[in-house]
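What follows is a group of structures, each given as C-alpha cells.
Shared chain: chain A. Partners: chain B in the first complex, chain C in the second.
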Partner chain A sequence: MIVTISKQEDKTLVELNGRIDSTNADKFQQEMEPLMQGEKPDIDVDCSGLTYISSQGLRVFLLLQKSVMARKGKLVMRNMNPRVKEVFDITGFSNIITII
Partner chain B sequence: MRKKRFNPIKDKTSEIMEFLMASPDMPQDENLRFKIELSIEEAVDNVVRYAYEGGIGWLEVGTSLNEESLILTIELRDAGTPFNPLEKDDPDVTLPAHDREIGGLGIYLCKQMMDSISYRYEDGNNVLTMTKRIDS
Partner chain C sequence: MKLDLRTEMMLDEYREHLPIYDRLKTLVLERLKHCIEENHLRIAGLESRIKEERSLANKLELKGYKYHSINDVTDIVGVRIITFFSDEVDVISALVEQMFDIDWENSVDKRKTLEIDRFGYMSLHYICRIPESLCHDSEMPELNQIRFELQMRSTLQHMWANMYHDMGYKSDVEIPVEYQRDMIRLAGMLELADEQFIRIRKEINNYRRNVQSLVASGNFNEVPLNGDTFRSYLELKPFRNLVEKIAGINQAEIYEDSLSPYYNVLLHMGMKTIGDIERLRNKYSDGAYQLALLQLAGTGLDIVAYSVALQNICIVAILKQGFGEAGLIRLFAALYGESAYNAQRAERVFEQARKINLV
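Let's turn to the complex of A and B:
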C-alpha cells in the first residue's frame, strides 16, 4: 500500500495504490493521521490504484469520515474499481461517504 | 481436502492467505477470487486476533472442490476459545456515519460474499465452513 498525500490550494489530495488489508490497516491509519487534523478539511481520495480492501481498511475510512464531519469538512472518494466499490456498497459505506 | 496447520499464527495472516489462495481448488476468475479472498481474510483475521490469548495457538485451513457441483469449500479449524461468529447480530448497514460502530463488518462481509457459512464446535475445536459455487 502506497499513500501519497499532497496539497492543492485548500484541497488535500490523497492517492491510494495497492491493498488495504488486516496486515497493513494499522500502518494505513497512521499514514492517514495527518488528515484527521485541521479545520474544515477538503479531502479528495483517488482510489484508481486501490485493488483490495477488507473490513480493517473500511474501519479507517469510517474514522476519517467521522473526523471530517466533526470538523465540518468534505471527503470525496473517486475512481473506485467495481470490486472495491462493491465492498463499500454491501457495508453501506457508499451511503456514508461520497463516492463519485 | 488440501489442508495445512499453521502454528503459531500470530502475524501469520499473509502466509495463511497465500497458502489458501494458491490452492488449485481456487477459481481463476478475478471477481470470484476477490470475494473468496476477502471472506477468507476476514475469517482468518478473526481467529488470529481473538481465538487465542496472546495469539499462541494453531489454525488449520483447508480447501476442497466438488468437481461436479463446482462448489468450493473452505474450512478453518482452531482450538481457541469456543466462539460462534454467526451468533452475532448483523451490523445495521443503513445507519449514518456517526451512529456506525467501528468493527463488526468482517463476518457480515463473509456472509454476503459467500454462498453459505456455518459454524460447529467439534472435538474441542471451532470449525468454520464457507462454500461458494465457482462457475461464473
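Let's turn to the complex of A and C:
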C-alpha cells in the first residue's frame, strides 16, 4: 500500500495505491492521523489505485470521517474500482462516506 | 468641543479606568457564556461594548449634573443578550439575578414602563455589579465596584430598537411626530409577532409530545410520516433486529449511523404514515436479510452500518414492486446523488437479487 499525501491550496489530496488489509491497516491509520487534526479539513481521496479494502480499512475511513465531521470539514472519495465500491455498498458504508 | 472642567476630570478618570472596563467586559461575557451553556439555553446574540470617549463626553455635557464621579455612570460597560423568543428574556434575567448583584434602583424594565395603550422600546435593562463570590482580584478591587449595564431583549425587539437607532434617534429622544405613528404601528406589530412565535413554538412542542406518545403506543397507522414522526419512530430502533441478524453473518460490529437520509426516500416510495413503514419492514425484512447473506457471507467483512438494514429493505421493496434496475438507480440517486456508480451498482444488485429469486 502506497499512500501519497499532497496539498493543493486548502485541499488535502490523498492517493491510494495497492491493498488495505489486516497486514497494513495499522500503518495506513498512522499515515492518516495527520489528517485528523486542524480546522475544517477538505480531504479528497483518489482511490483509482486501490485494489482491495478490508474491514480494518473501512474502520480507518470511519475514524477519518468522524474526525472530519467533528471539525466541520469534508471528506470525499473518488474513482473507486467496482470491487472496492461493492465493499462500501454491502456494508452500508456508502451511506456514511461521500463517494463520487 | 469645549468641555467644562468637571467633564474633563471625569474623562481623565474614564481613561485611567479603561483597562478595568476591558477586564470587566471580558469577565461578564465569560460568565454569561458559561451560564448560558451550562443551562443549555440558545440565544440569538451576545453583544458588548465600552462606551466611546466621544459618546461619554456628550452624555456628560447633557446630563453631567447627575454624576459626581465617573463611577456614577452605569453604562460605560454595556452587554446585551438577544433571545430568540420574548419570553426567554425572563429566563435569562432570572439567571442574571442569581449571578450578579443588581442595582434595582437604577434598573428598568422598559416592557412594563410602557402605558397600556403605548408601543415602543421593549427591553429589560439591569444595572449590575460583579459580586466578590463570583470574582475577586485584590489587585483590581474596582471590578466589584464598577457597575455595568446588561440589556436583555428578543430578536424582534432588538430589530425595532436597531432600526430606530439607525435612523439617528436614541430611545429617549423623540422621533419627529409625523413618523411616530409609523414606528409605533411597527412596534405593535412586532410585539404581536413575538407573541405569535411563542404560540407557534408551544403548539409545535405539544405536537411533538403527542406524536411521541402516539408512536410509543404503537398506533402507527394514525401517525403521519413527517420529519418529527420519523425521528420519534427511529428512537424505537425498528431496524435493530434485522441489522443484528445481518451483523451475525460475519459476527460484525454495528456502526450506528443516521437513517435521516432515508426520510425523503421513504416519502418518494409513497409512505404516508409510520404504519406504512412498519408494513414495508415486516414485508421485506426477510428478503433484505437474504440479500445481505448473499453479499456478505464469506467476505470476512466484520463491520456494518446500522443503515444497511433499511438500505436492503428499500432495495428489496423496489425490486418486489417491479421497478427493476431503473428503480434501483432512482433509489441510489436519491441517496447519493447522480453518479455513474448508481447504474453499475443497480446492475450488480439486480443480478444478485435474481439469484435468490427476489425478482
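Criterion: the second predicted complex is superposed on the first by the 100 of 100 C-alpha atoms of A that agree within 3 Å, B and C clash if a C-alpha of one lies under 4 Å from a C-alpha of the other, contacts with A are read in each partner's own complex, and residues count from 1 in each chain.
Please note the rule applied: a residue touches a chain if its C-beta (ideal position, glycine included) is under 8 Å from a C-beta of that chain, and two chains touch if they have at least 3 such contacts.
Just so it is clear, the structure is predicted and the values come from calculations on it, not from any experiment.
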Touch check for A:N95: first (chain B), second (chain C), both, or neither? both
Which superposed partner A:V3 touches (first chain B, second chain C, both, neither): neither
Considering only touches as defined above, state whether A:L63 meets chain B (first), chain C (second), both or neither. first
Please indicate which partner A:L13 is in contact with in the superposed arrangement: first for chain B, second for chain C, both, or neither. neither
Between chain B (first) and chain C (second), which does A:M36 come into contact with in this model arrangement: first, second, both, or neither? neither
With both complexes overlaid on chain A, does A:Y52 touch chain B (first), chain C (second), both or neither? first
Touching A:V87 in the superposition: chain B (first), chain C (second), both, neither? both
Could you tell me if A:T23 is touching chain B, chain C, both of them or neither one (first, second, both, neither)? first
Determine, under the contact definition given at the top, whether A:V76 touches first (chain B), second (chain C), both, or neither. neither
Footprint intersection on chain A (chain B / chain C) at 54-55, 58-59, 62, 87, 90-92, 95-96
For the chain A and chain C complex, residues of the former touching the latter: 54-55, 58-59, 62, 80, 82, 85-87, 89-96, 98-100
For chain B, which residues count as touching chain A in their complex? 13-14, 30-31, 34, 37-38, 41-42, 45, 48, 91, 93-98, 100, 102-103, 105-106, 108-109, 112-113
For the chain A and chain B complex, residues of the former touching the latter: 21-23, 52, 54-56, 58-59, 62-63, 65-66, 69, 83, 87, 90-92, 95-97
What residues of chain C sit close enough to touch chain A in their complex? 252, 255, 257, 261, 292, 295-296, 299-308, 311, 335-337, 339, 341, 344-345, 348
